[in-house]
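Input: structures, listed below.
Heads up, the next two complexes both have chain A, just with different partners, chain B and then chain C.
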Partner chain A sequence: MKHSRQGKKDKTDGDDLRRKLFPYKMLSPFFVLTGIFVAVPIILMIAISFSSMGLDLQWEFAGWSNYKRVLADSSIPIITLRTVLFVVICTVLSVLGSIFIALMTTYYLDIAYKRENAGLLFRIIWLIPSLTPSVVYVFIWRFVFGSNTQALINGVLDKLGIAPVTWLANYPMQILIFICCLSSASGSVILFASAIRQIPDNIIQAARVDGASNFYIMRKIIMPYLRWPITQKTLWSVLSFFCTYEIIMLLTAGGPGGKTTTFAYYIYKNAFELHKFGLGSALSVLLVAMSALIGLVVLRVTKVEKQLYPPRMDW
Partner chain B sequence: MKHEDKIKGAWKIFLFTEVASLVVVIPYGWMMVKAFTTPEGAFTLSNWSFLYQETPFFRGLVLPVIWPSVITSLIFASTTALLQIGVTIPTAYTISRMQFRGRVQLTKLMIILDAFPTVALLIGFFHVLNTIGLMNTYAGVVFVKVGMSLPGSIWLMKGFFDQVPWDIEWAAMVDGASRFTTFRKIIIAAVKPGSAVILVNSFLSGWAEYMLINLFIYSNGSTVSTFIGLMLDAEGKTAVPYGVMAAASLLYVLPVILLFIVSQKTLLKVSQGGSKQL
Partner chain C sequence: MSDMMIRMQNISKSYDGEKTFVIRNLNLEIERGEFVALLGPSGCGKSTTLMMLCGLYRPTSGRIYFGDRLVNDVAPKNRNIGMVFQSYALYPNLSVYENIAFPLRQVKGVDKKTIDRKVREVAEIVKIEAFLERMPAQLSGGQQQRVAMSRALVKKPEILMLDEPMSNLDARLKLEIRDEIKKLQGELGLTAIIVTHDQEEAMAISGKIAVMEKGVIQQYAKPDELYEHPKNLFVASFIGTPPMNFIDGILERQGEEYVCRTPCGTLRIPAQSILEQGLKGSKVVLGIRPHNLHLVGGDTENCLGLRLDYVEHLGKDLLLKCHYGEEEGVRVLSGLSAGVHLREAVTVQVDSGSINVFDKESGENVTRFEEVTSHGTEG
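Here is the complex of A and B:
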C-alpha cells in the first residue's frame, strides 16, 4: 500500500515528524475531553470506592469496608435478580415490538401494499416516544396511570362506574417495564425499517411471483436480513436497560417499598439521595464489572479490525 | 390482477397498525386536549399562564415565567451540539482514514466507553466538576454530557467517513493541498449528511437533558426540563393541575417533533451508522 508520490519524495525529517504527529493532533480534542470528563471520573470511582466519602468530598480511607457492606447487604441479591429480570423482559419485548412495528409499517404497508404515506405516518407516530424528553415522557404515563379520577384510565373507569385503581402502587414494575419497552422499541423502529428497505426489491418480487405468501416472505427472506440489526439492537438494549435509572427515578423513585429499585437506580439512590459516595462508588465498580461482560460481547460481535479500512494513501 | 387483490387487502393491515399505534396516540392526544381544557373539560387558555406571568402553584412556591428557561435550554442544547460535532469530526476522520500507532486499540476503547454505564460515572463527575470549579455551571454539564456521548457519535461518524471515496482526497492533495486543508475544505463537505445527523441528535439530546442539569445545577427551573421536573416532583402530593403540566410539556415536545419532521429525510436515510454487517 505505498502511494509515495514524486513531489513528496524530498520530505525532511521535520516533515516526517509532523506527519507522524498529525493524527494525534487531530485526536487531541477528544483525548483532552475524554481524559478529563471520562477517564478521571473512572479512576475517581475506583478510588472513592475505598473511601467513606460523603457530600463534603473529604477523602477518608476506608479499605474494603464499602465492598464488605455491599456483600453483607441483604437487598443486593434481590436487586440483582430484579435487574436481570427487568433487563431480559424489556429487551425481549422491545426488540420483538420494534420488529413487529417495522414489519407492519415498512414491509406490509410500504412494500406489499404500496401505501407508503400510511407507512411513513405510522413510523413517525412510533418515533414520538423516543423523541420525547424523559421528564415529559414520564409525566404522560404518570398521568395515564395516575391514582385519582383526573387521570386517564381511572377517569374512564370512573365513567363506567368502576372504582379507581392505584396503578402505580399496585403494578409499579409492570408499568415501568411497559414504558421502558415502549420508548426503547420506538427508538429502533427506524433501524429495522431501514434494514428492511435495503433488501433488494427483486428478491421479494421473485418470491411473490413464485407464489410465496407475505408471512413466508417475512420469515424466510426478511428475517435473515435483519440478523445484524437484531444483534446490534439486542446488545444495545441490554446495556441501556441495565443502566436505566432516570425513568425509574422520575416514575416511582424506586418504590413503592423498593419494588422497582434496580442496580443502577440503587447506585443513584445511595450516591445522590443518601449521599454515600463511597458506597455508591463500590456499587458502581460492581455495575461496571457486570456491564463489562456485555461490553466484551459487543466488542467480539463488532470485529473492530475488520471495520477499520487501511488508508489508501501514505500520507 | 393478483397485484390488485393484494392492494385491496391493505385496510386490514392499516386497521391493525392503527390499533397498535393507539398506545402512542391516546396518551399524547390526551395531553394535547388537557393542555387546553379545565379539569371539568371546558376549553381554556389559562393553563398557559406561565407564558406571561408568574403562577403560584403550591405551598407558596411560584412557577416562574417559562421564557428564560426556554432560552437556557436552547443555548445549552446548541452548545452541546456544536462541541459534540467539533470534537467528533476530527476524531472520526482520523480513525476512519489514517494509519497511526494505536488505531485498533483506540477504536476498541471507543466501543468499550460507549458501553460504559453512565450512572457509574456520576460520582466521578461530581468530584471533577467540583475540583475544577465548574460545579453549578452549564459549561460543566455540557462537558460532561459531550464527554459521555462522544464515543457513540464518533463511531457513527466514522461510518460516514468510510464511505467518502479516496479519489476526492487524492485529487485535492495532488493539487498541492495539505492533508489538513483537504480535510477541512473537501472531506468535511463530503460528510454533511452525517454531520447533520449528529448535530440534530445531540441538539435533541441536549434539549431533553434532565438528569445532569438536575444533579449539577442547583437553581430550580433553570431549563425547560427542570421547569417541568419541578412540577413532576410535586405530582401526587399536591394539586398541580394536570393542565398546566400538559401545557408546559406540549411547549417542550413540539419543537422536538417539528425539528424531527423537518429533518427526517436526512435522519431516516442514515440510521445504520458506523458498524456494518460482516
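Here is the complex of A and C:
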C-alpha cells in the first residue's frame, strides 16, 4: 500500500495511523452494542448498589449500607455455598451428559454402526427441552412431579397401588438440578456432535484398521478433539447456572424453606418481589464478581490460551 | 492356484440398498508378493474396492478370499493388513512414537519392551528415527507419509494397502517416496495394493494394473501390455502421457490388406493383424501413440497430413500439437522441429505395426496381438 503512493511521503504517517485504527473501526458495532447493553447496565447497577433505591425509583446515596447489610445477612453464607454447589454439580453433570449423548448418537450410531437416521432422530428429540420456552418447560415438569394423583408420576404410582410422594417438597434440589441439567445438556449436544463430525473419517478408519476398539477410539482419538467444545461449554454453563433464577422461581419459588434459593434467585426476590433495588444491585455486584472469579478458574484449568491461535492474516 | 494371496469373486457394492451399484461383478486375483495398482478416474470405484479389501466396507454380494480364508466377515484388524491413507490419517494428539505404537497397543499381551523395539525397528527402516518424539503437525508432508508407512508396517502385515498415498506430495518427493515404497515392498516380501488416479505412478510402481471405470475393471494386465495393447478405447485414452491419438476412419478390405480412410490420409494395415470377428461395421477408431508418428519430408506410404499449431518443450523431446479437419488434435513426439513452421502443413509417417484399431461402436480393440513380451516390470 505504501509503495503505491510514491512521492507523497507526508501522507505515510496518516496511512500508518489509519491502518492501526482499521481493526477498531471494524469492531465499532461491537463496541457500541456492548457499550449500550453491557457496560451501561453494569455502571448503573454499581451506582444503584450505593443507593437506597426502592419502589419509588429515587436514587439517594446510601454509602456502603447495602454491602454492610449483605455482610450482616446470616442467610448469605448458606446461599453462597448452595449456589456454588448447584453451579458445580449442574455444570459437571450437563457437560458429561451432553458428551455422553453426543458420543452415543454421533459416534456409535452414526459413525460406528452407520445408523445415521436413528442418530439424527434422537438428536432432534433431544433438542426439544432447549427449544421449549422455560415457562412451558417448567410447567411440564411440575405436572410430572406434582404432589397429587393427577400428576404423572404419582398417578402411575397410584395405579400401582403405591402411596403418592410429595416430590417437590422432599427432593426439591435434586429435581431442580435434574431439570436444569437436562435443558442445558439438550442444547449443547449439537456442539459436541458437530465437533465429532468434524473428525476426518480417515482417522477413525485408520484406528479401526489398527485394531482399536470403539471405546479406545472414543477415549484416545475422539476425546482430544472435544477439548475446545468442552472448554466452551463448561464456561458457558458456569456463567449461565450462576444466573439461573426463572426455573427456580417457576418450580419451587426458592422453597421449601429456602432450600432451593440460590444467589440469583435471592437477588430476584430482593429486587423484584421486595423492591429493594439498592440491596439487589449490591448482591448483583457480588454475583458478577463471584462468577467472574470462577470463570477465570475455568479458563485457567482448561488452559484456554493454549487452544487459541492468533489469526494468520496479513494486509 | 494356491499362491493367490487375494481373490475377489463377483464382488458388487451398493450404498443405497441395491438401487445403484458402485462396483459391479468385480473379479480380481492378486498373487503373493505382487504389487497391484487400482487405477481409474475419480468415482470409478477403486477406493471402494480397497475399502472392501481392508474390511471397512462390506461387499453387497460376492466373496473375498485372502489365501484360502473367506474374509467377508473378518474385521479389518484381523485381516493382517497395513493401510496408508491419502491424508495419512495420523492421530494428531499423539506423538510420532505413539502413532507408530498405536497398532501394537491394541494387541493384548505385548509388553513395553517389545513395542519399543518394534517401533524403533520400523522407524529405522522408514528413516524417521529422528522424529519419534515430535507431533505429527510438526512434520513435513513427506515425513508424515513416512510415519503413516511405519504405522502400517509395524505389525508386519502380509498385505499393504495404499490409498492414494502420494497425491499430497510434490512432484520430486513423489518420485523419492515411490521408489522407497517399491523397495520396501520387495524387501519385506509384501503383497501390495495401491489405489491411484495417476497412471504414471501406477505404471512406475506396480507389476500389474487394474484399470477401472464405472465400477468395472476394464483391463487387468502388466503395465507394458496396457500401454502397447489397450483392450478398449477407455484404457487407451487413460494410459500414457502424452495420451494416445485417436483418428476416426473407415475400414475397407482390399485383398491381403485393409485400407483405412481417415480425414487426414489413408493408411494400409495388413489383414492378419485385425480380428475380423470383432468388427461390427466399417467404422473404426485408430489409436496411435505420439512417439509412433514421425515427421517426414514428402508424401510416402502410411502418411497423415496435419497442420502444426504449436510446439511444447518436454526437455529431451518436443511435443508438436497438430490438428486436422476442424479441431481434431493429434500430438506428435519428435526429436527435432527442423523444417516445420507453426500454422503450416506437416506430413507424419505412422510406424507400421504400431496402430491399434478400435471398433467405433463397441470401443473394443480389434487388433491381433503378437505374443506379448514383458520386460523387467516384475520386482
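A few points about this structure:
The rule is short, and it goes like this: the second predicted complex is superposed on the first by the 255 of 315 C-alpha atoms of A that agree within 3 Å, B and C clash if a C-alpha of one lies under 4 Å from a C-alpha of the other, contacts with A are read in each partner's own complex, and residues count from 1 in each chain.
Definition applied: contacts are C-beta pairs under 8 Å (C-beta built on N, C-alpha and C of every residue); 3 or more make two chains touch, one makes a residue touch a chain.
In this text, all values refer to a predicted model and were calculated from it rather than measured experimentally.
Of the two partners chain B and chain C, it is B that touches the larger number of chain A residues. In the superposed model, A:Ala206 lies in contact with chain C only, and not with chain B.
Once the two complexes are laid over each other on the shared chain, residue contacts for A:Tyr216 go to chain C alone; chain B is not touched.
When both complexes are overlaid on chain A, the residue A:Pro224 reaches chain C alone and has no touch with chain B. Contacts of A:Trp64 after superposition: neither chain B nor chain C is touched. Of the two partner chains placed by the overlay, only chain B lies in contact with A:Cys243; chain C stays clear of it.
Chain A uses no single residue to touch chain B in one structure and chain C in the other.
The touching residues of chain A, counted against chain C in their complex, run 200, 202-203, 205-213, 216, 220-221, 224-225. Every residue of chain A that touches chain B in the complex is listed here, in rising order: 5, 20, 22-24, 26-27, 29-30, 33-34, 36-38, 40-45, 48, 57, 100-101, 104-105, 108-109, 112-115, 118, 122-129, 131-136, 138-144, 146-147, 150-152, 182, 186, 190-191, 193-195, 227-229, 232, 239, 242-243, 245-246, 249-250, 264, 267-268, 271-272, 277, 280-281, 284-285, 287-288, 291-292, 294-295, 298-299, 302-313, 315. Listed in rising order, the residues of chain C touching chain A in the complex are 54-56, 75-77, 81-83, 85-87, 89-94, 102-103, 106-107, 151. On chain B, the positions that touch chain A within their shared complex are 6-7, 9-10, 13-14, 16-18, 20-21, 23-28, 30-31, 34, 39, 86-87, 90-91, 93-100, 103-104, 106-108, 111-113, 115-128, 130, 132, 143-144, 146-148, 150, 154, 162, 166, 169-170, 173-174, 179-180, 183, 204, 207-211, 215, 225, 228-229, 232, 235-236, 242, 245-246, 249, 252-253, 256-257, 260-261, 264, 267-269, 271-272, 274-278.
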